[in-house]
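These notes open a run of structures that come right after.
Two complexes come next, and they have one chain in common, chain A, joined by chain B in the first and chain C in the second.
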Partner chain A sequence: MKMSEKMIWAAWERILRALVTVVLIGFLVPILVVVAVSFEPKTYLSFPPSGFSVQWYVQFIHNGDYTSALMNSILIGVAAASLATIAGICGALGVIRAAAPGSTLVGILSVAPAVLPQIVLAIGLYPISVWLGLQGTLLAVIFAHAVIGLPFPFITVCGALTAYSSRLEIASMSLGANYFQTFRHVTFPMIRPAVIAGFIFAFAASLDELVLAIFLSSPATRTLPLLLWEQLNFQITPELAAAATVILVVTSILIFAATVLPRLSKRG
Partner chain B sequence: MSIRNVSKTYASIDAVAPTSLEIESGDFFAIIGPSGSGKSTLLGMIAGYIDPSAGQIAVDGRDIVPVPIYRRNIGMVFQNYALFPHHTVFQNVAYPLKVRGLAKQEIATRVRESLAMERLEGVETRKPAELSGGQQQRVALARASIYQPSILLMDEPLGALDKNLRDEMQEEIKRFHHELGVTVIYVTHDQQEAAFLADRVAIMKDGKMVQIDTPRLLYEQPNSRFVAEFLGEASIFSVKSTVARSGQKHKVVLDDGTQVVVRSKLRSADGHFACIRPERIMIGARLKGLDNVYRATVRESLYTPGSIRYRVALDGTDCVLKVRVLPQGNVEFHEHGTSVQVGWSADDTIILKE
Partner chain C sequence: MKSRSFLLFVPIALLAAPFFLAPMTVIGIESFRGKAGLMDEYVKVFSDTGIRAVLMDTFYVAMMVTLVSLLVGYPVAYVLSRLKGPMATIGVFLIILPFWVSTVIRSFAWMILLGRNGPVNVFMEYIGLIADPIRFIDNGIGLMIAMTYIMIPFMVIPLLNGLRAIDPNLLRAAAVLGANPTRQFLIVTLPMSLPHVAVGCAIVFVTSLGFFVTPSLLGGDLVMVSMLIQVQANRLLDWPLASALAIVVLLLTIIVFALLRGSQLASRRKGRAVTGIQS
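And then the complex of A and B:
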């Protein structure tokens, strides 16, 4: 029987679907394994788990090192994401609306941290933070993570600004609103969903970041990924898996929020 | 308002060549021209979102070029309206008053008055996306006029509407202009719209104003081939002969040797053009009492609502004329290929210098 052209396309579609499924499972399996082993009752990691216990979570909560690292991570994440979002909005306005000279360069630099190896950034930032006397302080990590987070709000806000015509802002000004009033009443409401999404992604990027934290923090300003990494070097217990699961859950909630919140605020 | 030698140059190309213009207070002034002729750029410079490369724009004797856009107090209705999609109709119309810091109570009163005038009561809590094109248009008008600007700019405000609604909105804009007594500068590419609305019309081409006149004078006494063709239809022929006389009937020879009787104040010369409007030409089996009468053959005939259009070739010449007659009473419809006579008066031949 001769295969019709339509049948070939249908077969092709099935192959693509199978491929996507395999890839997704490939991503999910290690994640699910981490979650599974965190409920291990014994003192060492084993798979499949030999039973079910939440003792490692209890220990995680009572471990002062972990809780202070978690607090550091959240504090750094909020501060860094705020800085990144403000810078991202300014950059996007300059590039998309003002089309200021050098806007191509600003665009490239704002996106660069997302593609640049973080180790390069870390090696560059380390001497600067020593020179400024910020080495080991929260500020050093906050600034570094703001750089890491910048591409997200920049990209989302650029997208939001190109989605509507600058005529709206011109109209606002022709109606008597100065630049600040126009930003407050027109531009910001129009880009708010993108700002929220960009902020959340920047926060998530900070929460996951390890390399810069290694270079720039001290024991007092350790972040959660950094603490996990240090622990990994001398012992692997299910407590690590429990901590990793906490990061995983927080990040998942954030990604969910980043997709749902902007839509809600658009409707409201 | 007076515009003095205003120009705008982008990368050494003149978007608007130095232009001067006086507009009387309360006038309805239209600017028409093909796209890219600089009409929107000129409007943008008056509104304040495009900086002129040179020149002055004076309103009541004061140059407004250094004044920022939000202090000019000029109303503007944009193409596609530029209503704020996240604001309700009420908030859109209230916006100019809100940014001027008026009290809530006064804003509410004035917005209600303005909405009533535009027959928009009942939709004030809706978002622009939930309105019809005509309603959006009226919201834009209300928003641009609520702070009583002395000048109202409109950039192709009816471009997005369909034909019937456009006719209705033209009436609306005319009424609006009468009631407010505001000076309107109106940009469009639609010559009918401009002629219907405006007291005076400027025609722009390649960044220059080629003619400024009343709609009637523009149509009856165009100063160039471009204006004659842009406003309405015309049959245009190049002139070969040079005739010094003027003001009296005289013969003019066209490129192909055809002779036409003309009465024009303009001296006709080689390189000039003769232009005849299609509705000035008579068509029939026998014509009498006209200065120009020719035997002709109907090449094309078309019945359209309100008029019959022909394309006729003058026998023994290269001339093809556009003719339009009103299908009234016993007017005969000449089929394709019919032999007819066409004719027109010497006064209806317009001589164009370029």
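And then the complex of A and C:
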């Protein structure tokens, strides 16, 4: 290869890298803008903010709507992610370890909710939650969110189970442990990081979900995205930006937990 | 063990039967319960000019978002796949971070950014690119910018996995045989990444078809199919029409993934034919 050609390629690569760096940093801009405008001292949004004030945060904390919506979201998220994780672990064990009859169907069922547009599920779930007398209750949203959360623990646990040999479990059982003892002392410690990651992904999916919440919740069971959504359609205020910033901080802590906790538990 | 192993599927069955399979069945039945006969709602979906316009707009927006996500996402994934050490971790972190931020909040961010007096308009006026603020929110461009921003991680992650899986020895072999870097990219990297391009495009396209939050906030006059379904069901209480529309979206989703699966199987068969290796 000629020298000049090499130099042209190296220059190309450098330009490409610079462009990609700009794109990656640009990715943060929208998020930073929301944080910036939340410190606006006036009652309407402007960019750059006309000053600095935390009044919208004070108002946010004293706004009972946000507190109850946040509580609803956390309750629904934890319950839905727990159901999804239990179903996901059992399903993954059945598909990967036992190759039980119906594995293909279970595999499709467990992954489909991740790609199915939520509006389709919402239209179908509404009449069912009315028939079951669940409409407007927390349970309606919990079951719906458990379905859309299911793919995450199912996929992560399937991945963890294929990563080590089933001979470990066979050894455990040949030494006299029953299924539950084997799961408790052999399988679970091996898949724990995947279980934690799957649970957090399912929780995050619930925390972000809006369409099912629009159809299935009542004003008393309103979730955080739903409240933000209603406010956005009504009026845009710096208080919304403050609320968004608080949610950002909470989610950042979650990401940190999702990436660091599994590693720690692997070591421990 | 085998005989009772199906018990492991009981929790999934308890969850999916009433809250996933039953809803799909309900919309299937409901879609045929139009006032004027079995196929009434489907005839309406494909003959009503208003509905057809919504479907065409949805398709157009999803295509554009997929295309732009690929054009931006491919170079990003390519550069990230060649980084090593902490830089690679930071790069992937930057891509995934917005992915974790609520879709409502990210759409809200773009409402601020692209507003009449928002930073984008102010900046473009300042450098003299435009004389009057552009109304991004009304013309569908703002919607596509925001959706592309939201969808890029879904494109980058499968691409990045695919590009990282390419054996560097193949590139070395190509170099030894006299291929320059451009040719190495064209004959090794690009063809080997195409299956992952297909996966990324399928995910982005299907997710874009079903978008609700962003078009409702930034769409202006542009209506996407999810918004139409929501209005028909929630406000106009026309459940048969809403269900028929939902079935159309569902079928489109299944078709896209069936095409993807078909292309995967075809390329696997082709690979075997070329190399003679059974995989």
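Assorted remarks:
Criterion: the second predicted complex is superposed on the first by the 245 of 268 C-alpha atoms of A that agree within 3 Å, B and C clash if a C-alpha of one lies under 4 Å from a C-alpha of the other, contacts with A are read in each partner's own complex, and residues count from 1 in each chain.
We adopt the following convention: contacts are C-beta pairs under 8 Å (C-beta built on N, C-alpha and C of every residue); 3 or more make two chains touch, one makes a residue touch a chain.
Please read these numbers as outputs of a predicted model, since none were measured by experiment.
Of the two partner chains, chain B is the only one touched by A:170; chain C is not.
Look at A:20: by the touch rule set out above, it reaches chain C but stays clear of chain B. Applying the stated contact rule after C-alpha superposition, one finds that A:51 touches neither chain B nor chain C.
Judged by the number of chain A residues each one touches, C leads among chain B and chain C.
When the shared chain is aligned, no partner comes close enough to touch A:64: not chain B, not chain C.
When the two complexes are overlaid on their common chain A, residue A:125 makes contact with chain C while staying clear of chain B. Contact with chain B, but none with chain C, is seen for A:190 once the two complexes are overlaid on the shared chain. Within the complex formed with chain A, the residues of chain B that make contact are 47-49, 68-76, 78, 80, 82, 84-86, 95-96, 98-100, 143-144, 147. Contact residues on chain A toward chain B in their complex (touch as defined above): 164-165, 167-168, 170-178, 181-182, 185-186, 189-190. Within the complex formed with chain C, the residues of chain A that make contact are 1, 5, 9, 16-17, 19-20, 23-25, 27-31, 33-34, 37, 45-48, 83-84, 86-88, 90-91, 93-94, 98-102, 106, 109-110, 112-113, 115-121, 123-128, 132, 143-144, 146-147, 150, 204, 207-208, 210-211, 214-215, 225, 228-229, 232-233, 236, 240-241, 244, 247-248, 251-252, 254-255. Put simply, chain C touches chain A in their complex at residues 1-2, 5-6, 8-12, 14-16, 18-27, 30, 72, 75-76, 78-80, 91, 94-98, 100-106, 108-113, 115, 117-119, 122, 149, 152, 175, 180-182, 203, 206-207, 209-210, 212-213, 216-217, 226, 229-230, 233-234, 239, 242-243, 246, 249-250, 253, 257.
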